[in-house]
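Listed next: structures, encoded as structure tokens.
Both complexes shown next keep subunit A, but they swap its partner, so subunit B is in the first and subunit C is in the second.
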Partner chain A sequence: MKYPSPIAVCVGVVVGFATCCVLGQLTTRKNIYQDFARLHPFLEQETSYYPTASQLVAVAHGQCPPASHKTLVVLGGNSVFNGSGQKRDELWSRALQEDLGDHYHVVNFSAPGAGAVDNGGVIFECLAREYPTALFVTNTEPGYYPAANRSAYSYLFWDAYCKGLLSHDARRTARLEREKATSDDADFKLSRELNSVCYFNDLWTYVSYRYVSTFWTSWLRGRSFQPRHRLRDWYDKRPKVVADESEFQKMLPDHLEALRHRRPVAADRFAQNSNGAWVQTAESLQQDEEHIADLLPDPLQRRSLIVFTPYNPWFLAHLTEAERTRAEISYANGTHLLEKAGFHVLSTYDSGFSPSDFGDTVHLSPAGGRLLAKLVADSIRSMDTASNIPAGR
Partner chain B sequence: MIFTTYWFFVFVGIVFPIYWLLPWRQARLAVLLVACVVFHAHFAGAAGVVPIVVLAIATYVAGRSGRPGWCLAAILACVGALGVYKYAGFLVQSLVGLFDPHLAAQCVLWIKHVLPAAPPLAISFFTFEFVHYLYDVRKGRMRIENPADFALFAIFFPSLVAGPIKRCGDFLPSLHRGVASVGAEDVAAGLGRVAIGFGKKVVISDNLAQIINYYGPHFTEQPLGTRWLLFAAIAFRILLDFSGYSDIAIGLARMFGITLSENFRWPYLAKNLPEFWQRWHISLSTWIRDYIYIPLGGSRHGVTRKIINGFIVFALCGLWHGAAWNFILWGVFHGAGLAICGNYRQLLGRFGANAGMFFDRCPPLSWVITTVYVWLGWLLFFYPMPQAWKMATSLFSR
Partner chain C sequence: MKTSLRILSGFVIGIALGVFFHYLLYRISLPSEPFIYFAF
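And now, the complex of A and B:
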């Protein structure tokens, strides 16, 4: 066999590689996700699928172009905001869109297990300059404020960070430098740096969505290699959420135990004073304050609404008096600390949710989703959307 | 897996064009040497590099001296280092534990305290290559004079992590040919081989691993057909993982103009166990043949001695794969298979001769028996004995 000259081989390899890089970059130019409603399990990392920051930014661009002059509402948060258990048509964020009307456009980037500013928070920050009136709405529990680079979805933060999509924040830059010394994920960060130049993840994600996926996953089994666009929203085929006491009774042992270990309730963040009353320890308050300061760069807090995850009152009633007291203190302290940092807060503890609004301890039934949508819509309308958005990096 | 790290891609992306585009032989040699040092230092760290450097120096000096006594001492040092770093905890646990489990537990704790958490990177491969070199020097077959040649033989990065185990008599001429005349055909062939290796490893083997991890814990609860499919998945996963890794190593070396020996030749097509070992991890099986089996006497001292030698060799082969009883058991399982396969014709008299003739005339049956035997071995290799037994018996029951 006659081989080409070394230079021709070199040029061929370089041109082929560069073509892939350009193709990868082109996939970020427009929204590739048809009729995007949320990051359901077939479109996120639970099934080894990692949409990139550029591609999620393109979703917002595609659904709500900056020229439309609508107020973009970016949703973040965990499975509660992701509408776990709600079918696509029952999704609470659809109810929120209907409630807010045509002057707003809601896009839901929440994901199961995400912290307050994972996914949605990162994409909101990427979009903040282009959409000066955009708002960010997310949910979390009091006491749980992980920075976007320290969470389960840190890949998205690093993707946005390395691509220069995030705003400049001196405090964050200094913190990342400090953390660099103790982190052991150098190869992961190198992959993000390389991707910011070569866009190989963007290309793979696009190919997996449009043509063929290359990972077997237990969620999909026989359908693992199908292009993801053929797979409908995972929750559409799940059984309907039945919210009744007999179901709760079956869940009680496990869910009550889990509830007792949730941050607002767990005793390790509290102490009893000389009168025997529970108080949150100064140390945990200080830690919460520091973590809150790392959530979003100033002044994006003023455009952000943090909703404290509502708990099913049926399960709350099974807590001890001391546990309920700790939860109330957590919600009150969390609200105070977040408001002090400039965030808007919607505390849903004891705010009108009934057991029939839930499918389990925290996840909402379609009815609960509609109530959440109404509460959030009211809060959004009352938010002050002052400008002062930082310039991009 | 080192070859699938981003650091490695960047590393090769920088080193390879420099090496290839440099027109001077000595400069290429220098680039390759520096690259090997950087690669080893990056992945092994100081704790992994220092013992290997010490052993390499000892091996080089002993080899250069050509004195059999020095070579023997260096061989013992290499084998001793492998024993201490890789097997000390296991041996103490197994031997001392027979008499005093409490004392054994304390000794293991102390060993864990004294030794690094993981043995130096690729110490098994280093040991085998150094022992081969020293043994051949002792026999007067070769001697490396140039320290750069020896260093490149020792830490040639493509084969450093998972072989193939090199022989310096083959490697050094190929190295010098490569640095003198690497061509486009080498690069094209190498790139193709690397692509095949990544395909085997990343696209097929890693997906099989996901499937096995998911269904494996419930193996015996699956329908019979699914159990056999999983059984095949386990066998193909190890083949494609390991041979994929070898393909990447051989392809990378070829991109640098250097030919490494083949490590796999369609092993699951073997029609008997000796043939399987001529096709599976060839660089290891030939090493074991040349440096353990033949020095032990091989097949030269009668059937009994041949069988005993086979068991010793394959128990050691199993132990080489990891410090645990299941690996030894896997080795003994193959030793037993080879003993039966190699001797049944003589030992079973007329019946054995007829059976042998029948198998010779019916290759598909020989192939089925060999394949099932080898694949059953993988159950011992991957799972604790009781679980492996349960899985194996479930394959033959409804």
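And now, the complex of A and C:
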């Protein structure tokens, strides 16, 4: 036999590629994640797994269809809201669901190292019009307000943006245009634009979850090629969090040093006035205000609750008086600036958390998670959902 | 018969290449290191 027909090869390439594009698009229409509770390390970027915006939107659709008439509560935020250290059954967002009851449905899209509107904020914006009573609840620490396109999870923002899942916001469009000149992620955005047509990220992420993962990662080693749905929540096999002073003592001095460098505590955003009292500088307040304005488009701020999660009082007691004062000022200023921008705010700096509520400096033990769930549930119930206005597209 | 085989084998090879190219785009789009390792 001679060589295969070149025309048939070309036709086959087009058919094979186009079929993959169609299959990729089809996978975005259903919730592929069985019994989804959170983005644990096997379902996020630490193990080179990047769920797409469409796939996370489908999780919300699957778990809480719009016709259910439940109030959808989309959680964002960092590892504290992600329940770092808490096993699946101990997860604070499960306690929140129980506390809120059947009228609400809580879905947790928080992720380690995420900013206030990464992941959860992006998905909330995608869903805001379809779910006019949906609420967004996230956590951060005062002074850390990166826009969703300027963070470690910017890939998800661009995925949603390029697919046209986000609402039209003239302010954001103008900002993205301005940033284009100085941006160094043009190749990255190009790949997401290509994906919005070819759906390769959607298809192969689905294949990794359902059938076979296609590359080796140092986290998973021998289990790298197993389909992700077979890997249970990473925290389930971790040792239980021991919340006592002897454990905290072992964390000194590294954790204390890290706490000293956190934005609310570090001195570089503060100055001492003529009386010697610490005040946040006008420049850093202005910067915070500008960053807060870029978090979410109008009018989604009114449907959003930002929680300033607490620090372990055992570690706070090891700080100097000046450091504690700066932290208190940061929490107060952050609350004021966010409320001024239209957000609901829950500051838990002084909400009765004790050392046994923590696993380290910031992450909560199961008991701390339950206390957080109660405080957040009370705030959610007190939010005025009657004033919700769907975002325009 | 031989012509049909040439066309069929060519088509199958083409499909495999098309699928591989689609997968390649996915792999190229992934960062070599997670973004959070750069951010923190």
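The criterion applied here is as follows: the second predicted complex is superposed on the first by the 376 of 393 C-alpha atoms of A that agree within 3 Å, B and C clash if a C-alpha of one lies under 4 Å from a C-alpha of the other, contacts with A are read in each partner's own complex, and residues count from 1 in each chain.
As a convention for this text, a contact is a pair of C-beta atoms (placed from the backbone, for glycine too) under 8 Å apart; a residue touches a chain by one contact, two chains touch by 3 or more.
The structure presented is a predicted model; accordingly, all values stated were derived computationally and were not measured.
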item	value
Which superposed partner A:331 touches (first subunit B, second subunit C, both, neither)	neither
First, second, both or neither for A:112, with subunit B first and subunit C second	second
First, second, both or neither for A:216, with subunit B first and subunit C second	first
Which superposed partner A:153 touches (first subunit B, second subunit C, both, neither)	second
A:144 touches, of subunit B and subunit C: first, second, both or neither?	neither
Partner chain in contact with A:33 - subunit B first, subunit C second, else both or neither	neither
Partner chain(s) touched by A:124 [first = subunit B, second = subunit C, both, neither]	neither
Contacts of A:9 with subunit B and subunit C, given as first, second, both or neither	both
Residue contacts on subunit A - larger count, subunit B or subunit C	C
Footprint overlap on subunit A, where subunit B in one structure and subunit C in the other make contact	1, 3-6, 8-10, 13, 191, 194, 214-215
Subunit C to subunit A touching residues, read off their complex	2-3, 5-19, 21-23, 25-31, 34-36, 38-40
Partner subunit C, residues of subunit A touching it in the complex	1-21, 24, 45-46, 48, 50, 112-113, 151-155, 188, 191-192, 194-195, 198, 200-201, 203-205, 214-215
Interface residues, subunit B side, partner subunit A - complex	5-7, 9-10, 17, 20-21, 183-185, 187-188, 191, 203, 207, 210-211, 214
Interface residues, subunit A side, partner subunit B - complex	1, 3-6, 8-10, 13, 186-187, 190-191, 194, 214-218, 224
